[in-house]
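Below, subunit A partners subunit B and then partners subunit C, in two separate complexes.
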Partner chain A sequence: MSDNSWLSEIPQLDRHQLLDIRKTLDGAYRSFSREYGDSIEAFFDPLLTFLIWFEKLLLSSPWWLVIGVLAGFAYAASRSWKLTVSVAGAFFLIGFFGMWDNTMRTMSIILVSTLLSIMIGLPIGIAMARSNRVQSFVTPVLDIMQTMPAFVYLIPVVMLLGIGKIPGVIAVIIYSVPPVIRLTNLGIRLVDKEVLEAATAYGASSMQRLFGVQLPLAMPNIMAGINQTIMMALAMVVIASMIGVKGLGQPVLKSITNQYFTLGLLNGLAIVALAIIFDRISQSYAKRTLQSFEGK
Partner chain B sequence: MKKILATSLLVTWASFSTSAMASECGKVTIADMNWNSATLIANVDRFILKHGFDCEAELVPGDTMPTGAAMIEKGQPDIAPEFWSNSMKEALDKGVEEGRIRYAGVTLSDGGEEGFWVPAYMVEKDPTLATIAGIKANAKLFKHPEDPTLSAFYGCPAGWNCQISSGNLFTAMDLGSAGFDLIDPGSGAGLSGSIAKAYERKEAWFGYYWAPTAVLGKYKMVKVDFGSGIDVKQFKECITQNDCLTPKPTMYPPSAVDSVVTEKFAKRAPEVMAYLSSRSFTNAQMNTLLAWMENEQADGEFTAEYFLTNYQESWMKWVDLATANKIKKALAQL
Partner chain C sequence: MSDDNKKDSTPLISIKNLYKVFGENEQKGLELVKAGQTKDQILAETGDTVGLCDINLDIYPGEIFVIMGLSGSGKSTLIRHFNRLIEPTAGTIEVGGIDVMKLKDKELQEFRRHKMSMVFQRFGLMPHRSVLQNIAYGLQVQGVPKAERQERALQWIKTVGLDGYADKFPNQLSGGQQQRVGLARALCTDAEILLMDEAFSALDPLIRSEMQDQLIGLQETLHKTIVFITHDLDEALRLGDNIAILRDGILVQQGPPVEILLNPADDYVEAFVKDVNRARALTVETVMQPQVCRIASETIGEAVAQMRKSKHDFAYVVNDDGYQGVITQDTLENVEKSDYSNVLDSSLLEDVPAVQGDALLETVIPEMLDNVLPLPVLNDDGQVEGNLSRATLAEILSDQPSPDETQSNQA
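Up next is the complex of A and B:
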């Protein structure tokens, strides 16, 4: 080849160099997982115990009690009979079409993942809003989390923690936490400078400003973020079932490979129903708290 | 700079035209299926056809169902080097009957091997674990990831054909009352990931897998003996059926893995057919090759070159001396 081959072809590592890099990194990861796998697993044990307990609780409770509690939540959050009746109706239909157990499994894992996402996301979002440096560091990380194909990081996680609930929860959180972080950050940054100045003039401390002024005013944005987090968590149900998480994802996978269209559609609709119910309850709760806040 | 580009263009054109001239058996398409052993065999075939038989061999991407259907209906691609023919038995038999395709030879001489496996290091410690009775007696060893009162059996991913057979065998051998829970790993990657995790840490593992695969080449596993022998009738009529009510234990019969070619091609190139009919791998050899492939993270082409260079005594038997010499000459030029 001529010396000018870089003009027509992009300079490239040769096969052996590339192979060495890949093998070294893979080898390093393997020894890491051999070395620390057990202790990392032990770290997640309390969460696993809680997940199993919660799933068993949902599965063993009588169906009318579960529906009753959910309808109760819906009413307490929204004070709307329409929503309450729709929630009870939707869950009854899910059970009627034979998807009760799987729906309970999915609901338990999604509820826990969403709560964890909010618990992780809110503080990070607040930190991002208060420091430009944190923002410039976190934003690309969020971009990676949202676009990296799930299986790229899932299989290493499986090597580390085995298949089942914990890797499933991790996958769901990685995918669903970014919206709540982004919108918390945005919401706080959008709060009027003058309002903040006024609060400072009244002698409010930094913490008082955050909890008394910024967070309440950012609430509509934060709630939009939580809504997106819930939706994305439910969208991950099928991916999570590909690493052995029980629930609505498994029948969906089964119906995709076997082309059982109705089975796929029914289970897909159950996922949609869960998403809509979670969303309506949380949104109407937020709306009511906002109204009472503004009414003061 | 223009001159350099022009020269490089000329060089590429020249290399194209030489390969185009060398065609007696003509243009051949080989299906390159999307799993490792199939892509390896496809690349071996391509190399041998190209350099040994002067064919203009080309790989086209494929998968069992679409490739099979295209070969029967459209006569393309010409060769499917690793076809698990049980997975579309009826359609293939009909294609043979209608004179559209032909079985050229057996690709894996032992046949595809399915079964329930445990890691070799467990059997070394306790040889009884190579039998289903020993597994049941030591059920407590196989810890369930989520429930300490249960034992884990890793089944076949949801929706795969083997989900039915492994589930029925689970019932047939009454593993449930021995404390085992049938875990659905969700995907092939999930299942192999669980084996890799257990093996790296020398943990217990018990579940369904199949060979030849890179996993079984890399991680030494022992096939558990059900103590029942192979009962083909029971396997076909009950174990593989969704509505099998009273399954009885039977080992998995070997599944046929063949080379399938289109009738058109078989008529056109009898000498290539002779090669395909004698070309076959044993599972042990294939497992080793696949393990090498995964260890080196090599692609099919690289592994095929490795195989042809290092396992000459195997492939020399598949071709006559003149062809073998042509292949050796091409290998020397790599």
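Up next is the complex of A and C:
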């Protein structure tokens, strides 16, 4: 190599060094997962039990009961008969085309992931809103979580926990939690300063301010975040099926490899139907919280 | 009048040597201010903004204390120091003997809950709570049970005239109604001190004066200590028992309205005062001439004797029933000597209406125009305590102070 080759070619570690780095990191992670894999798996056991219970619940309940409950949710959230009837009709069609069981499996994992995302996302969002330092630290992490290709963070999760429901849920959460965090943060920061000042002036403690003023006033934004979170969770269904999550993703995956166009289309449409239903329900709920401020 | 009370009572709120510097390094800014540098110099040197500079204030129980200044003068910053929504850079704030600066978080919370309540310029109502819930907010924060706080809130809804609006939401109300809710919320906690930060500035002129009337009316029964911030001198003069004028964070003048109106401390205050409608801001007793000749005699002869002693050419005739009318020197001189023993009766008197000392100048103008003679000014007991002549009124209402007035100012 000539002395000034760095002018024409970018300086680069040589192969051996790169290999060493990879070997060291992989080895370290592998021994970490051998060492702690079991205990981490044990840590997630209750979640797994819950997931299995919830899935069984949805699968074993009679179809009309499930449709009835979902339609009830739709009506409670939107107070609109049109939406309620559409929800019931969509689920009936899904069942009619033979995708009921897979849809129930997908729905159970989506609902549980969303619930966990909210439980994780809300406190992080609140912490971000309260401290600029936390915000400046969390924001780039969220950027990475959203842009890193899902397959890349599937690898360590699968290495650690194998394939199955839990790694699926973790992957879905990593991908879908950022919106709820971001919008909780934004929503709280956008709360009218004078309203918050009024609460302080009347001697509200920081908890009274949070639960009495900040969260209620941030609710429309938080609901928008939750809506986004559900949408992103649904988008992960197919990818999650690659690590053994049962549901609507698996037939789609199967139809890619076998070129079953209709099977793929039908299951794809079922995912779309789920997405639209969840979107409409959560949006109309958000709209109603917003309207209550105007006293309509 | 209020000066006399002051000597007897101790101030409820006492602020001493208060400084506030906004910026990265407050302490450095503070040193520069104390070293006598101007606001602009400090801004250029350190990037710090001087908010308040060496403020000293005493506010006495039961008074309406108005802090006035243009935007940027630091008045909103100052009022937020009273309950420590803003931390001062230096200085002490004492409220009812409590050193507010020494309070810990919990104590400060308690202090805010019970000692002071606040009304905001843009109302600061909570859009997700109904009118009733908004008014009861202070009590809810204190942990008062729901039934009790609703009952108390309902009473205040009535007092501020919002009957029937309890279940409405703030966005359904007009600006004036919203501020009534703000006022009711502040009164609902029964705090001794009311902080009002430009409370009426966002309202239409008509609604504003309605709210001012309401505040004055409430104050007559409640006797709160009110700190009122405004940029409107008319409002300040109307409401204030005492007024402090802020300019660029410095307290320029402090005193009762009349003093500020008649003796502005510097050009800045004078510029303010110039536009004030004095006829609407001053009362008769603040401008009247206190020297008068009163005649209380029964007969014409005694009256003539008294009139000769006085340097005036007219006199107010009073008896046990109070003011009777005016008698002029000319009338008396025309009376025959032989009639001197006759009773001084109303046929000799000119019927000049009396005015009350606490009436606004504006309200006495019609009487003034109908009568050439100076009007007698009566106090609360119906006693003549001075006179108001056309010349005096004209001097006060015209922009140019008369020569004697400037002299008396300098004295």
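Following the convention adopted for this analysis, the second predicted complex is superposed on the first by the 288 of 296 C-alpha atoms of A that agree within 3 Å, B and C clash if a C-alpha of one lies under 4 Å from a C-alpha of the other, contacts with A are read in each partner's own complex, and residues count from 1 in each chain.
Following the convention adopted for this analysis, a contact is a pair of C-beta atoms (placed from the backbone, for glycine too) under 8 Å apart; a residue touches a chain by one contact, two chains touch by 3 or more.
Owing to the predicted nature of the structure, the values given are computational and were not obtained by experimental measurement.
Using the contact criterion defined above for the overlaid structures, shared-chain residue A:Gln250 touches subunit B, although it does not reach subunit C.
In the superposition on chain A, A:Phe211 makes contact with neither subunit B nor subunit C. In the superposition on chain A, no contact is made by A:Trp81 with either subunit B or subunit C.
Legend: residue contacts after superposition of the two complexes on their common chain; A:Asp38 is shown touching subunit B, with no touch to subunit C. Once chain A of one complex is fitted onto chain A of the other, the partner contacts of A:Val158 are limited to subunit B, with no touch recorded for subunit C. After overlaying the two complexes on the shared chain, residue contacts for A:Phe261 are found with neither subunit B nor subunit C.
When both complexes are overlaid on chain A, the residue A:Ala198 reaches subunit C alone and has no touch with subunit B.
In the superposed model, A:Ser241 makes contact with subunit B only, not with subunit C.
Taking subunit A as the reference, the larger set of touched residues comes from B, when subunit B and subunit C are compared.
No residue of subunit A lies at the contact with subunit B in one complex and also at the contact with subunit C in the other. Partner subunit B is touched in their complex by these residues of subunit A: 2, 4-5, 7-8, 15, 19, 22-23, 26, 30, 33-34, 37-38, 48, 52, 151, 154-155, 158-165, 241-246, 249-251, 253-258.
Chain contact summary for the complex, subunit C toward subunit A: residues 83, 85, 109-114, 116-118, 120-128, 130, 137-138, 140-142, 168-169, 171-172, 185, 189, 195.
Residues of subunit A touching subunit C in their complex: 192, 194-195, 197-205, 208, 212-213, 216-217, 292-295.
Considering their complex, residues 1, 4-5, 7-8, 145-147, 157-160, 163, 183-187, 189-190, 193-194, 196-198, 200-201, 295-298, 302 of subunit B touch subunit A.
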